[in-house]
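Here it is, the structure in full.
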Amino acid sequence: MAVHHVGLTISTKGKGTYEITEAVAKTVTDSGITTGNVTVFVRHTSCSLIIMENADPTALRDLEEFFERLVPEDTPYFEHTAEGGDDSTSHIRAVLTRSSEVIPIAGGKMQLGTWQGIFLFEHRRAPHRREIALSIAGD
Amino acid sequence: MAVHHVGLTISTKGKGTYEITEAVAKTVTDSGITTGNVTVFVRHTSCSLIIMENADPTALRDLEEFFERLVPEDTPYFEHTAEGGDDSTSHIRAVLTRSSEVIPIAGGKMQLGTWQGIFLFEHRRAPHRREIALSIAGD
Amino acid sequence: MAVHHVGLTISTKGKGTYEITEAVAKTVTDSGITTGNVTVFVRHTSCSLIIMENADPTALRDLEEFFERLVPEDTPYFEHTAEGGDDSTSHIRAVLTRSSEVIPIAGGKMQLGTWQGIFLFEHRRAPHRREIALSIAGD
């Protein structure tokens, strides 16, 4: 067995979902590993990961709108607002989604289902450079 | 170290929780791995994974009712409803729970606590065949 | 590649967040593994894991208050209340957060971002001893 560490940087334009499936798939192919796992880890607390339907843009819009309502910006009781009304909001949305995902690899490919895409979910209003740490382990 | 890939298919009867602990445990035993991890990955975006109390059925009922209220079916502002009023609802419930779980193996057994069970959480009204990708890695 | 299993016990004083970053980092250093992953798995269904901003205590307070409101104690429709008004509440808060996290290791260090801490999120009112299973795998 072997293990590879790869870093991935994503530039976001502010709030929304950014698909990274192809970028992750490329690191798997480049690793030469045919059976194992890829771990995807986001190195931030105000953006997160989701695995989501990637065919119909309205599915992503509904999800984004749901989070706008579940954890609103400028929530009156939030104290942690030094960076703006999206500060605690961003951290809580991140906690409700994922920091790490692990996807099995078989036959040299990630075992994603037909409709699954991996997305960076940016929770901050402003553009950010986001770092993702990947490790690919297996034979 | 070795790594094994195993597929698991679960037939659901529609919405609800389906325990898969025994099926996952069997793949661990069959692998012969005594120290390592098992990765459980659901290959869909309208069902998900949870690790949950598996002794008292009322705990699962409360959880299911909570999700009915948190992400209701037929939510008026949802646009992604091509497959029915449970369409976006299912994806959002999946995002709020898990696509992947990784459970350490020691002494040849998954290190689940006494009350922990692994469940497939089906979010669609209709029965479905669901595929789970497992990888077991270790010594 | 090698894999190490380590157990970690955390004594909580009841509800709240307990940082375990240093304890996890120590197991990584002790393992001697420089490239790989550490899997953190909580062996309970009434506490959970989060990766969260660890610099400003108000961020954690806002998060805790959010969960008090999202899944209130003593929710009237909950049936699973044998252990008190925080019983189903605890399980549901656990399902909405994480049982497992996997953090890549590179250069002998976990690839956490600058502001990321790993926390045990205790959902029960009473103090508990909590067991966390760790596995560190890699070269």
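By written order: A, B and C. Residues from 1 in each chain.
The criterion applied here is as follows: contacts are C-beta pairs under 8 Å (C-beta built on N, C-alpha and C of every residue); 3 or more make two chains touch, one makes a residue touch a chain.
What you see is a predicted model; the values in this text were computed from it and never measured.
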Touch-based graph of the chains, sorted into line, ring, star, complete or other: complete
Proportion of interface numbers common to subunit A and subunit B (over half same, under half different): different
Distance from subunit B to subunit A - Cα centre to Cα centre, in angstrom: 19
Subunit A, residues touching no fewer than two other chains: 1, 70, 96, 98, 102, 137
Residues of subunit C that touch subunit A when the two form their complex: 1, 35-37, 50-53, 56, 58-59, 61-63, 65-66, 70, 96-98, 101-106, 111-113, 115-116, 137-139
Touching residues (chain side subunit B, partner subunit A) in the complex: 1-5, 39, 41, 43-46, 70-71, 77-80, 82, 87-88, 91-92, 94-96, 98-100, 102, 131, 133-135, 137
